[in-house]
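Next come two complexes, and both contain subunit A; in the first it sits with subunit B, in the second with subunit C.
And now, the complex of A and B:
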């Protein structure tokens, strides 16, 4: 028997809020339970990864696939570094200023980029992030390939002086929660519905009076600005930045967070993906040099066999791509006897 | 009163002249049929009216405002909704969400308020939800509101496409082959729905191959052949016209 609509809704709603409360308490209590600073560092980087993954998902929700998620992350990191170190602003003043600068830049570049949906956009963003990295590396003022070191910690607020990983953890957690609240408000409004409409059928969306260009541009600006927020944090957390840290690999990682967690889960997907991708390689004690290779193979496996990602596969196991799995098995069958004879 | 005025529209694809100097008018509150053999230019004309194709020559006026060459979403926002020939739906969304998305152009609260979920914006959405449910009931889709659009049978997908278009609140509805491939009883139901849509004050321009449906439904009919307007008039006149019969049957029969 199905519950009446309203009753089922109330129940689902209540469970949702209970789950959210538990997760919030757990996230707040986490650093009190963990002694190991390295694990705290991994947690912090998982939060950064989640924010970046969420920006990928936001563009994806509007039917855009970006391979340049790291570009505005770099812009944010360099911008707040310059504002703090050269203009003498406090970290807290540099953040809003950086967000404004990035939003304006994203509006300018996005106005050109999002005219091209589909493959053209993928390639444009891929090239853009490389150009940003190469351009930054050529500017002496920005430290060239050597980057910038000695970036100050965020200015203390009361007793919180950012001398410990715990302080940084709470800062990035606050940024992450803010991002989640903002993104959720967008997704649950008519703006989010317009994005989905454009993704699912641009033609139909157009006949409903939705201007695909304007909504894609909005997703690009919001996504890029959010990535720059993560960049602000990263610069003052690692206290040194180099252009190399923002290269193409980072964008691939960011993409993997979203794809691995589940592309249809715009918030939870990147969170799960970033957690898994941050912690699993550590515990497998994978040699650093091998990590990109393993990451690449993992990305291929997920796309080919688990297009729904972790969450999508849990929700509906039939989302497993059986046809690809079967063709793989067929290949193995062809290959194995051949190997025996050879 | 003339709602849509099509004047001397020409559209060329490479060497093919898909439409040549086509002119006609759609009056308010009428059901106008657009017929012609395959390749007559009917779908091209729909694409030109709804903004998917730009005409090479000619002009289009909607409520005495020129809409020639406007963007698809601008034309939609003026009150022209179209149904595609192939079921074009948000396949991975529920039936209800499909119709709900159709209300996009009705929201008066600024997007900023929608983002902040202000009480006024929430009220506006609640009104849309209610109206979406009404439209679903009207198109006999109420029982399927939580199904994914992709899982609906073909006939229901057509109904859903019309439901989405109705959510837009159009003054002019362009229907591309709404009953083609339906069995006679389904066709009968759909024809009745289209009549009711007209009674709600919506003007209908319909492309259809099912001649019985067209003849019983339309007030007037425009016949296209090889990109040109062959004839225009009430169904009785079209039915018995030698030129129309020739255009449809071709030379092999004669």
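And now, the complex of A and C:
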């Protein structure tokens, strides 16, 4: 009985590498096929969203729900901007420095935040985003509510001078692939297994010699640092940043990417979710004032009827929640005459 | 600072504080009873203000009657929301579902609801502010201290609601059931109680409290579609400071945040909000579970 299974596994493994190669080639060739600059812009923003969504998934893999992705995204954007514009560093020197600054900050704040798991952690991270936004807006040096404009492009490497969207696309693609490689290594190591154990039961993991606090803090630091990498890119890509761009809504969208794509898929889930959430609302722009309602309804439909998000439903369609659908229809029958009267 | 100004700021602080207390008691009841972090709570508060506008301003009913009906209407709305969305969601969970997964999905569902309610209200009623004629416009003037009667009525009404809530939670069998469900729903089910309707009641009661908060505040401030968004962040903050799962902590936290914000705005201006947030983080360093709560593992 074992043999066919393991054979299938070997085959699946081989196909997996072929699939990865095809996706890589497609991603590299994509800007050559697309003429439209706006679509390139959306692709770039989807990549940024994917990186942020992956940081959410990383914390979720350790059983923590963060609404604070936007906070360290903002910290990354602002510190890189200051390092380049005021300290006169090159973009490429500012990146590692920003990552170090964010890692130290994340360690300091994380040490306080991570002590509260569950609901309290969700609220703290959400409030932390507000703190960062308000704090940045209060400081004259950081441009206040008006933000900073005229952030220089990344310094050219050889002929690549970042004058076109294609150059930016390759830069963010490189960052995304780097993040995926690092995250994948973490997930398949002892650390990733420890995170999953903690998510299942912190107490049980504790009895097995895994310190939930330390591992969760590690997830927080790695996730926050990665978010700041995306922030670095965003500041030099959009060339202007305002505190308002990093508000609470951004974090909620980041969370949405992961849920929509599939929570069980730590890397592919946020990617699919970010792609869908970047492109679908663009085509809904015809009815702009209805857009939040449509997004909200879509979100409810996915959560209620497609457990596991898009990828989860594709992998196991039988898990599609038919009983929920039927019960909803039953309730609608009960509710409809009520609605007509009221 | 003169005595008059001090008393005015104090009354203002207690007004804001008592609204937060009502909001956060509702959030806490929902969170403890049904394990849902309800982000749509601010929108329920806003709907409460609109319903109050309808009953009191448009139909010219009595103030207390309108308020009671507002609470009832929002309770019904909460019941419908729970039955249509969260009950459907809860049916998917099995005993092996991890807590973080439950929390995330129900929070996301409430975010979806928040978007729908928020934008729906905006589309229905437009962006303009609506004022409600204050039912108690008098100003009490004694010993040179001038205080608006409306604010005192708001504080008094909130106090009465809190006392009623205390009696409900501690002196009735329904309250005992709600407290039991917040500790261990499975054990309550094993005692032969249909916990489903207890969950429904918890959610309806929480929604009614949000609606009452919106209804009480409506005559003192104006009614706008964005009022819910502004209040939800600070409500979550109060929940955190007071300690999740401690009603006494909630009341203390609500009044504390109200006082800090009011006096902060008086002395520091716009930076007060940031200052309060920082203070909360400092509090959490020393008391991870909030002022009166206990840290969760």
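The rule is simple: the second predicted complex is superposed on the first by the 309 of 342 C-alpha atoms of A that agree within 3 Å, B and C clash if a C-alpha of one lies under 4 Å from a C-alpha of the other, contacts with A are read in each partner's own complex, and residues count from 1 in each chain.
Methods note: a residue touches a chain if its C-beta (ideal position, glycine included) is under 8 Å from a C-beta of that chain, and two chains touch if they have at least 3 such contacts.
Treat the numbers as computed from the prediction; the structure is a model and nothing was measured.
Engineer: Between subunit B (first) and subunit C (second), which, if any, makes contact with A:186: first, second, both or neither?
Structural biologist: first
Engineer: Just to be sure I read the superposition right, which of the two partners does A:300 touch: subunit B = first, subunit C = second, or both, or neither?
Structural biologist: Only subunit C is touched by A:300; subunit B is not.
Engineer: Based on the superposed arrangement, let me know which partner A:197 touches: subunit B (first), subunit C (second), both, or neither?
Structural biologist: first
Engineer: Check the residue A:130 against both partner chains and state whether it touches subunit B (first), subunit C (second), both, or neither.
Structural biologist: second
Engineer: More residues of subunit A in touch with subunit C or with subunit B?
Structural biologist: The partner that reaches more residues of subunit A in the superposed model: C.
Engineer: Of the two partner chains, subunit B (first) and subunit C (second), which one does A:152 touch, if any: first, second, both, or neither?
Structural biologist: Once the two structures are laid over each other on A, A:152 reaches no partner at all.
Engineer: Just checking: does A:207 make contact with subunit B only, subunit C only, both, or neither of them? Give me first, second, both or neither.
Structural biologist: first
Engineer: Quick one: classify A:244 as touching subunit B (first), subunit C (second), both or neither.
Structural biologist: neither
Engineer: Just to be sure I follow: which residues of subunit A are touched by subunit B in one complex and then by subunit C in the other one?
Structural biologist: 200-201, 203, 212
Engineer: What residues of subunit B sit close enough to touch subunit A in their complex?
Structural biologist: For subunit B paired with subunit A, touching residues are 50-52, 71-74, 76-77, 81-82, 84, 88-93, 97, 100-102, 104-105, 107, 111, 114-117, 121, 125, 164-165, 167-168.
Engineer: In the complex of these two chains, what residues of subunit A are touching subunit B?
Structural biologist: On the subunit A side, the touching residues are 185-186, 188-191, 193-194, 196-197, 200-201, 203-212.
Engineer: In the complex, go through subunit A and note every residue touching subunit C.
Structural biologist: Checking each residue of subunit A against subunit C gives 60, 63-65, 109, 112-113, 115-120, 122-124, 126-128, 130-131, 134-135, 138, 199-203, 212, 248, 252, 255-256, 259, 263, 289-293, 295-297, 299-300, 303-304, 307, 321, 323-324, 327-328, 331, 335.
Engineer: Spell out the part of subunit C that touches subunit A in their complex, as residue ranges.
Structural biologist: Checking each residue of subunit C against subunit A gives 31, 37, 80, 83-85, 88-89, 91-92, 98-101, 103-105, 107-109, 111-116, 118-120, 122-123, 233, 236-237, 239-240, 244, 270-271, 273-274, 277-278, 280-281, 284-285, 288-290, 295-297.
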